[in-house]
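In the two complexes below, chain A is the common chain; its partner is chain B in one and chain C in the other.
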Partner chain A sequence: MSGARLDRMIWLALPAVAYLAVVYALPLLWLLGRSVTGPDGVTIAQFTAFFSDPFSWRVMGNTLRIAFWVTLLSLVIGYPVAIAMARARGLMQVMLLVAMILPLSIGVVVKAFAWQIVLRRDGLISQGLVASGIWAEPQRLLFTETGLIVGATNVFLPFMILPIYSVVKLIDPRLTEAGATLGASPFYRFRKILLPLTLPGIVSGSAFVFSMAVSMFVIPSLLIGDRFQTLATLTGRSYLLMRNEALGSTTAVILLVIAVSIVVLSTWLSKRVGRSL
Partner chain B sequence: MPELISHPPAFLDIRRASKSFGAGKVLDGVDLAVSKGEFVSLLGPSGCGKTTLLRIVAGLLNADQGHVMLDGAVISAKPPHHRDVGVVFQSYALFPHLTVAENVAFGLHAKGADQSTISPTVAKFLDLVHMSAFADRSVKALSGGQQQRVAVARALAVGPKLLLLDEPFSALDRKLRETMQIELKRLLRELGTTAVFVTHDQDEALIMSDRIAVMNRGLIEQLDTPDTIYRRPATAFALEFVGLSTRLRGKVAAVKGAGELLIDTAFGSIRANGNYLPGSSVLIGVRPERMAFGARDGANTVAAAIQDIVFQGSRIQTHFVSGIDEPFLLETGGELPARLAPGQQVPVSWSIGDTLVYPAGPSA
Partner chain C sequence: MTGIERITSALVWAMAVIAIIFLLTPLVVTVAVSFGSSAVFTLPPPGWSLRWYERVWTIRGLWASLLTSVQIAGLATAISLVLGTLCAIALVRGRFAGRDAIATFLVSPLMVPGLVVGIAMLQGFKLVGLREAWPSLLVAHVVITMPYVVRTVLASLSLFDFTLIDAARTLGCSYGQALRKVMVPALAPAFLTSGMFAFLASMDNYPVSIFFTDAWTKTLPLQMLQLVEERPDPTIAAISTGLIVLAIMVLIIGDRLVGLRRLADF
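Up next, the complex of A and B:
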């Protein structure tokens, strides 16, 4: 009986399935097909050409390096915030949640332009560091990797905080108190209680941020420019500027493979971590 | 009386502990001294400050004023992990990512004990709480009673100087609770552990404690043995909170000789001992099992109408018609006199020595 009910319920998913099939699965299939076809039919020539070019390796390196630093920085900044938010009470908690969620309503383009202002040679950071004597003269952070990492972290931070926050929320605050009364120092309590229990949140937050950072297009376009290419910006350029569909579909597929493996890997990892908890 | 400087500190010595949250004063200068090996219960309704006091002793909360001494040293300023005070939490707070044995070993690892002492210690305490067979299980797979045992073993394994228990039985069903109470009491006695136990359940406090501190509104109203607390409650609150009681309001009509009182009540004149001025409003208390059917010479005898007869297995309660907030009940162990039924007017008596008197407000 419950099987029959489930079967009928499944039709409720039909609009979503149909929509995704038309606007997502079909173009994706076309893209996949395009990446393995040449003038003479099916070929992997485009991939071999791509992987034999040192420039391609530099692009892949750029992509993964930037995504790695953005993820790490988001984690380092976001983790304590998530804990504070989960443990805060009343008005404080509401304020922290609003402070995190409100910026999500501002478009990425607007945020990236705002960062341009902050990162310029005469921008806030440069002026501040010069005024405090750390820098001898104004420097430009805009169009550098550091600027890109800082700006992208700002955009993706909520996606690190939220999964960790929701995990911490479910942890009994008495656990760390119990650890304390058993003679464990604050650091020991963090390492042996809080960290292992929040690991599933860390894994899913990192997976979110990493997969978004790998495929970001607007932010690097505005904060670092054309001289620095990632797989996503190269894909965009191939289609929009170079009209090179063969290259574009190849990089798109590689990007897709990276993103899918992150999702699969993190699902596997959080299941494994979840089981051992 | 001024505090005596020469007064030697007890094993656990809490002096003038105060704590406020916002405008509300939760602890109002509490003194409590506990001897080594003693089991003391903090008994009171929710909000009386008992859990706050416990958290202050554990170092999980800072008192606004006052200090805590343990084994001759002031521990008020120490963080919880340097206090040697173990806690069994109401929710048990077992580490869900660890096995039973790993939970018990946690404190030993944290204190840097080496593996050769950890394994036998863990085995010993799991054995003491009858959980050896579950050593490698996840704590999430345990029943409430089993979790409680693990929590006790975990707290005791590090050898704390003092064990604090925060309503550890409240999540268990009644039968299991009674078994666990007696088991825990025996275990702590065998280990010679000094324990402070927080509860709102008077039966639990009476069963387990060497002494009970009855708490109300941030103060300890009475600190004494369960026997004295029950038989001679020091305040009207202690009388009401611990056990059942017959309570009548009255006014002192006359005082004879050495504190012999004659008190006017709705049930007529009642004799009692105490130091009150004529005209003062008082509350009279009598334990229901100290009362009996029938008139008796030299005792208080009143006539009362039976309202209900409640059969409770080993004892029978008879409730009589009386005023609001003035329960009038009698408890008999065996059988009732024949032909008693609700509605009947019968004589009831109790001795003058069993008549407790407390000051009451002027309200009728």
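Up next, the complex of A and C:
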């Protein structure tokens, strides 16, 4: 094939690229541009105003704290589950795959609504903890940070498990066997074989979950309510309810910056992880 | 196996069982509540009834919103499949600069918060005078569905052996026939998986759609959210159960066609 024919291939890419450039990239750039321009040219006044308000710092803190706990909890549950998924056969494998994929195909509104029921004072968790004697009396988890973290972890867990699973299933099981034959302790084998090989999955899963948890909107509004604001709920409210577009576009840009830094950081991390192997 | 290995292995399986229960909890709760007789969500329900299913038919705007969602999701997925596949072919076969950058760009809407995309588009559409809800939703949802198609079709195409097309042509097929008989079947699982996830992502989208609805044009998630906020009774659970049944049917079909394991290839 001639080089000229291959280069004409770029025309096939053009419609999709042009579409996204016009409909998605340009509006984002416009949003960014407007957030740093005022009546007298370039200014960061909107951001200094935002960051000089202690309420804003509380909102930032809420956002990052919740996202951190959701990511950590997802990793702690998700890592062993991803390993189990790669090893499972038969009914267990089908159950795990269904538990992973079926909730993905059901809307987040439905799931948040179900967690509203589970987290109530007379909900399943409260009933279970009282029955097992851990709680002396029924408590309400709905409209608490714990409730929000549990619900959000439930929604985002598959996005932690699937990336880790996709690297675990590529690992040759003979590697750990060889380590065992050579006398490596289980902990040493985990640290030197399993953990380094699964790190790329951990990085991309954590990046996924963290960025989704930072920008979740409907889950907090149903599970914790209006008194607890995150960057995303504040952005949504300022556009949809308060009609305060200046505040909304400022918080939207901060959300965008956080999301982009997560992508940059995780790409850098997985490259570093890849090189150190 | 040493003692430690046995313990860790047991822990791994215990965690797997806990995770299965945890992940399926919202679905089981929804189904149980929908068949309960009580209007407050007591679990287990005091008795069983179908009355919430009868009430589903009385909710105004529900069927219209379902229809809107299915239409938007179907059209957006179809457009993304065409544009995304063409682009994926160019990225795999072409030898021009910036192919990695283009791939990253097309998948990037997955990583940008939906609300931010929605706000940016809202302002952009206003500037060019696009105000009608339905076309705005469609234009926006193509951006939402595109990453799923590009990601999966690109991965599948980079494994495809393009010399097979030349072989088919040597054996007497025209170029079009060769594409249809060799490339399309090889890519069918990728089309199906990516199409399914793209469709579901569009059906479930809330943070972008919320900026483009009006009193007459609502998508299903927004209609349901309005119900949850205004009239929280088990009717919502009944609707949700219907959606769960639909998802199970789609999963069974997906399993028959490409296998569950391929669906989990994320």
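One rule holds for everything that comes next: the second predicted complex is superposed on the first by the 261 of 277 C-alpha atoms of A that agree within 3 Å, B and C clash if a C-alpha of one lies under 4 Å from a C-alpha of the other, contacts with A are read in each partner's own complex, and residues count from 1 in each chain.
Everything that follows uses one rule, which is that contacts are C-beta pairs under 8 Å (C-beta built on N, C-alpha and C of every residue); 3 or more make two chains touch, one makes a residue touch a chain.
Since this is a predicted model, take the numbers as computed values, not measurements.
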For this session: In the overlay, answer first, second, both or neither for which of chain B and chain C A:40 touches.
Result: neither
Exercise. When both complexes are superposed, which of chain B and chain C contacts more residues belonging to chain A?
Worked result: C
For this session: With the two complexes superposed on chain A, say which partner A:262 touches: chain B (first), chain C (second), both, or neither.
Result: second
Exercise. Between chain B (first) and chain C (second), which does A:7 come into contact with in this model arrangement: first, second, both, or neither?
Worked result: second
Exercise. Touching A:137, do we find chain B (first), chain C (second), both, or neither?
Worked result: neither
Exercise. Between chain B (first) and chain C (second), which does A:97 come into contact with in this model arrangement: first, second, both, or neither?
Worked result: second
For this session: For A:108, select first, second, both or neither according to whether it touches chain B, chain C, the two together, or no partner.
Result: second
Exercise. Which chain A residues are contacted by chain C in one complex and by chain B in the other?
Worked result: 185-186
For this session: Using the touch definition up top, name the residues of chain B that touch chain A in the complex.
Result: 58-60, 79-87, 89, 91, 93-97, 106-107, 109-111, 154-155, 158, 160
Problem set entry | Residues of chain A touching chain B in the complex | 172, 174-175, 177-186, 188, 192-193, 196-197, 276-277
For this session: Provide the residue numbers of chain A that touch chain C in the complex, in ascending order.
Result: 3, 6-7, 9-13, 15-17, 19-20, 23-28, 30-31, 34, 77-78, 80-81, 83-85, 87-88, 92, 94-118, 120, 122-124, 127, 154, 157-158, 161-163, 165-166, 185-187, 211, 214-215, 217-218, 222, 232, 235-236, 239-240, 248-249, 252-253, 255-256, 259-260, 262-263
Exercise. Tell me, which parts of chain C touch chain A in their complex?
Worked result: 2, 4-5, 8, 11-13, 15-16, 18-20, 22-27, 29-30, 33, 41-43, 83-84, 86-87, 89-91, 93-96, 102, 105-106, 108-109, 111-117, 119-125, 127, 139-140, 142-143, 146, 150, 200, 203-204, 206-207, 210-211, 220-221, 224-225, 228, 232, 236-237, 240, 243-244, 247-248, 250-251, 260-261, 263-266
